[in-house]
Amino acid sequence: MSIFANQETRIVVQGMTGKEGGFWTRHMLDMGARVVAGVTPGKEGQTVHDVPIFHSVRRATAAHPADAAVLFVPPRFTRDAVYEALDAGIRKIVTLADGIPLQDQVQIRRTALEMQARVVGGNTSGVISPGKSMLGMFPYWIERVYKPGSIGVMTRSGSLTNEVTSMVVRAGYGVSTLIGVGGDQVPLSRFAEFLPEYQNDPHTEAVLIIGELGGTMEEEVAAAIRDGLFRKPLVAFIGGRTAPAGTRMGHAGAIVTGGTGSVRDKVDALEAAGARVADRPSAVGTLLQRAFQEAETQ
Amino acid sequence: MSIFANQETRIVVQGMTGKEGGFWTRHMLDMGARVVAGVTPGKEGQTVHDVPIFHSVRRATAAHPADAAVLFVPPRFTRDAVYEALDAGIRKIVTLADGIPLQDQVQIRRTALEMQARVVGGNTSGVISPGKSMLGMFPYWIERVYKPGSIGVMTRSGSLTNEVTSMVVRAGYGVSTLIGVGGDQVPLSRFAEFLPEYQNDPHTEAVLIIGELGGTMEEEVAAAIRDGLFRKPLVAFIGGRTAPAGTRMGHAGAIVTGGTGSVRDKVDALEAAGARVADRPSAVGTLLQRAFQEAETQ
Amino acid sequence: MKLFEYQGKEVFARAGIPVPESRLVTCAEREHDRIAAEAAEAAHELGGRERQTVVVKAQLDMGGRGKAGLIRMAADQGEAAAVSREILAKGYRIPALLVERAVNIERELYLSLSVDPQRACFVFLASAEGGVDIESLARERPDAIRRVSIDPFRGLQAFQGRALAYDLGLRDSAIGSFTALVNALYAVFRNSDAELAEINPLFLTADGELIAGDSKLIIDDNSLYRQSGFELTREQFDSDIAYAAALDGIPYVQFDGEISLMCAGAGLATTVFDLVNFGGGSVANYLEFGGPNYHKAQRAMELCLRNRSAVILIVTFGTIARADVMAQGIVDAIAALKPDRPVVTCIRGTNEERAHETLRSAGLEPLLDTEEAVRRAIDLAAQNRGRTS
Amino acid sequence: MKLFEYQGKEVFARAGIPVPESRLVTCAEREHDRIAAEAAEAAHELGGRERQTVVVKAQLDMGGRGKAGLIRMAADQGEAAAVSREILAKGYRIPALLVERAVNIERELYLSLSVDPQRACFVFLASAEGGVDIESLARERPDAIRRVSIDPFRGLQAFQGRALAYDLGLRDSAIGSFTALVNALYAVFRNSDAELAEINPLFLTADGELIAGDSKLIIDDNSLYRQSGFELTREQFDSDIAYAAALDGIPYVQFDGEISLMCAGAGLATTVFDLVNFGGGSVANYLEFGGPNYHKAQRAMELCLRNRSAVILIVTFGTIARADVMAQGIVDAIAALKPDRPVVTCIRGTNEERAHETLRSAGLEPLLDTEEAVRRAIDLAAQNRGRTS
């Protein structure tokens, strides 16, 4: 098993005929993902890597029932494309676009919450259950950073995820399912929302959170641990400890807003809840080892 | 017991300081309704018939928890007033206004469906459980038409309801709960939606539907009977059998639209489902008697 | 409020929906020759150098205008004048003729937007088979109609317009034209608080253009207070009486029978209408006296007296519409108007005892039973028949 | 994009939000005497016959302007000139002075609208205690702040504005003024795709008028493509380099240390920033080289060379941002720009083997470990220190 996506997950790729869509579909197929159809308005009847293309998601799923969609769609069309997938009954959606308008994101997330759907993104590499399925863009040199294993990973970052996950592999572990919730101010799904699924996944033995300054997602993880919703070992890495308050360095989300959003507050909240927090990527492996040792001795 | 409202139901009256609001609040109190607060923006601190007035529904319910609201509010302010009651957590709302804009009604009903709230109206006299509670405007000379009893009544009309219900009383029966769903093209709640509650109400032995031409609410009642959602005797009266097709005579809802909406189709659907349909008000009593006799002999 | 074709097309055009180029020729109170001459002039202007065909369309609220000979093609000025005269000669009340440049039609589609009262959303209906009666099509081949529900809060989404376009089998540039038109129709519907916005037929030309062949736009009466540009006019009504009633906010429908109804509430009025017909009587007019109009007894009776009914039947059973107020209004109206025909009253409801005293003191018998009142009216109509015919 | 006070107030005023009458005096590249003279002239115009007091407000993106002496009252022309000179003498980069007619304040309120990322709605925050730091207030007395959530689809409802007005203790005409202002602020927020629309303080005058005492309006950068009227200007940036970087879409922040960062991805860049500080180094600039900018090696290096750093540290770990493309870009940039300071590279990711060959053939050592690269940069900075200071 894995969470969100496994070998059984039937995937529609929206925007498959585009350059990125076609390129990563090839790679997704190679990684075992069960891509059943592609969608590009106006291109019905074509195929890409032998996968049939349809005008609309509904027409695609009428011919090829699907559980999940991954969107290679520009930011300004993302809201429409997510609504289209939801309208066709799909309840697991990954949207990769970087630059989705903020108020569109609020609307997408609100809709997802109302429909009890999981929409992951934007500004993310996507979701991968290594060796089983992939919705998004993960590296070729996968064995060094995305080896199959038992660590659930959730992240707000891209390159940093490669950096940190390579440390997981270096420490002898691998990844069960990695979910890139994305680096935007309004992630369409939030860390804590997946913790119950990781808790129930027999193939996940611990979870690693790659957080960042700004927002309150890490504090929500701490609350979920405190509330007993997640009881497996949890390790976090959070960058930005030395970032000056109020300076926007990267993502819109990385703004320190008063007493919340600072790395200090996040670290305090997580540690108070019993999680271990690394101050640098290389410390992640050690903390995982310690967490497992402690779990065994208990 | 009764459905929707009984002696325990705590009621907020929105628009209580208006002429109609004050007049009917007096009458509601006299009928046993438990009116706990009134709402009129700008009038907090006043009282009407010893009931305290508040600026907003939230301020009212903070001081006096309530389950239901009745709105004496003009049609153009109805949507806002309903949203305000919903926002304060009230899930039973009766709105009496005649003339609510059609597209407002669509929005109100959609919101009510999403929030699993019952909003009854507009263009209605309201809801009454005779002898127990009342949200709306029912006559003083109540004993002749709204005697307490065991017949659940649902109606799209006003004066006609007095006419038909007086026939129920003349035949020796009385009313458990009467719900005026109202005469608009988009009733905010529909006949069939209350049938499960009438089915479960031990004090309701049969249901009387006062329908009319236009729409599909009567057909939905037939479907609910067919589907076994309602199993008690059901009698209907539907006016407009001789109305010429396509003529709009009264309510916006009373437009014959093709094969649906005609009285003929409604009567056929109801009779096919096992309901009895009166062709004139005076026949309602007889049909109720027959329905009970048949139910007994079964 | 139901707009005429030309009015709906004006609204469409302002919203960017393509409509045929046209000229309007008003007809009210004008000689047929004059109208025909203007129609010919319009045909000349529209036809231009290429002498294109025009279509002359009678503007009136009636289905099946084509079959009734009220929509006619004309190849030139002379034909335009001739078909205009033929249309006018049919004897319908026609407020205006719409002369349009004919469209080079490849296919006829259907598109409408209305309200789904049960699911509480807006609904686009579309069909590749336009120009036919959509209700018959819905009965006979429901699969030929596509249905797309629009969330009233999120509004129309781009993918929904595309989905309709592909499902109708459109291609190439017609897809963009269609989705733009769907957006525009949605804007019309929402901005004008419509009950129905329908284009049937929707013409598809050989070069992928879409043009509204007709318009059916009904504005929600309850929303008129927040709309502008939609005025009640005489042309929207069959009779002066109905127009006068509408200006007073009194629901009124003219029939050709003997009994004028003045009844409180649409439901009760409709029921009395049935009871008159069941009893072998006939209705002269339907009129709602009650609800917000319960103070308007005199105005209501005036309207009834303007038609040639044999008897006036008043049936009420009011709660807010107090019986005593209505009875006093009736008595005052009779004193003022001195009706030339009998008045039957069956007034029940709030303060009915006082109402009945008022009626008795004016020499009217206060009946209590609706069916009895209907029988009485039918009998009186029969007695009075000689006088009114 | 964060607007200056005067820009936000222009947007407010267009939406019908009352703002004080004002004149703007631009400062860039101008002599202090000239600016002070214009400020005095503005004070004269605004003060009118009654010689009302004015307020001179430095326009710059900085909290606590009042305490820093950048907002000053002036009773007449002479004082206006004097306080303007004093403000300018403080040495901040001040693009403009806003001279406003002073408002007769009875109370100061707080009102803002922003996004709740967790609950996915818009949120009004309001407080009867305006003019203070809202974040401190939120920590110390959260009950002093009212919160009203707005459904992103249904939008602001009338009852919500009223609820805020009553909860703030407003009365009489102030209630209507406030609900109108709430509506206008909502329209500003939605129509301009704002992240934050804040009025702090919101002045309440003795006669129940509400006037925006300040504006804080941040436009969502991702929405600028569908906005007009919001242009990047030099004034919004601390330095020419940051402005140049922004025009190229390259995230750049200037610091005063020794190591220029060119890192791929905000997360990795921030982490490297930490590692430099942890190791006792100091950052000269933060720069994101990656994502959509991974082809822009030369432009990124140019920006780094424009500041006085001692070393350039390049760390990437890209997937789409291919390592080989980035490495080639770096090598080409070095050939073109001939940097006067050492370059440390730690380039990993897609096609990294080829990347490492490219680097080696250009004489660069391809490091593989981020922490090692950081240490190397710190050491080189220390060695190079004498040269740059």
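Order of writing sets the labels: A, B, C and D. Residues in every chain begin at 1.
Please note the rule applied: a residue touches a chain if its C-beta (ideal position, glycine included) is under 8 Å from a C-beta of that chain, and two chains touch if they have at least 3 such contacts.
Predicted model, so just to flag it, every value in this text is computed and none were measured.
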Centroid-based (C-alpha) most distant chain relative to chain A: C
Chain pair, A-D or A-C, that carries the greater number of C-beta contacts: A-D
Centre-to-centre distance between chain D and chain A (centres being mean Cα positions), rounded to whole Å: 29
CA centroid of chain A to CA centroid of chain B, Å: 49
Chain B and chain D, separation of their C-alpha mean positions in angstrom: 56
Residue list for chain C, restricted to those that touch at least two other chains: 151, 153-154
Chain B residues counted as touching two or more neighbouring chains: 107
Overall pattern in which the protein chains touch one another (line/ring/star/complete/other): other
Set of all touching chain pairs, with the criterion as stated earlier: A-C, A-D, B-C, B-D, C-D
Complex contacts: residues of chain D adjacent to chain C: 151, 153-154
Complex contacts: residues of chain D adjacent to chain B: 154, 157-160, 162-163, 166, 175
Chain A-facing residues of chain D, complex: 63, 115, 117-118, 120-122, 135-136, 138-139, 151-153, 190, 193, 195, 220-223, 225-226, 251, 253, 263-271, 273-275, 277-278, 286, 288, 290-292, 316-321, 348-350, 352, 370-371
Contacting residues of chain A [partner chain C, same complex]: 41-42, 44, 55-59, 77, 80-81, 83-84, 87, 107, 111
Residue ranges of chain A touching chain D (in the complex, touch as defined): 20, 75-76, 98-103, 106-107, 109-110, 113, 125, 137-141, 155-163, 166, 183, 185-187, 190, 210, 212-213, 215-216, 220, 239-243, 246-252, 254, 257-259, 279-282
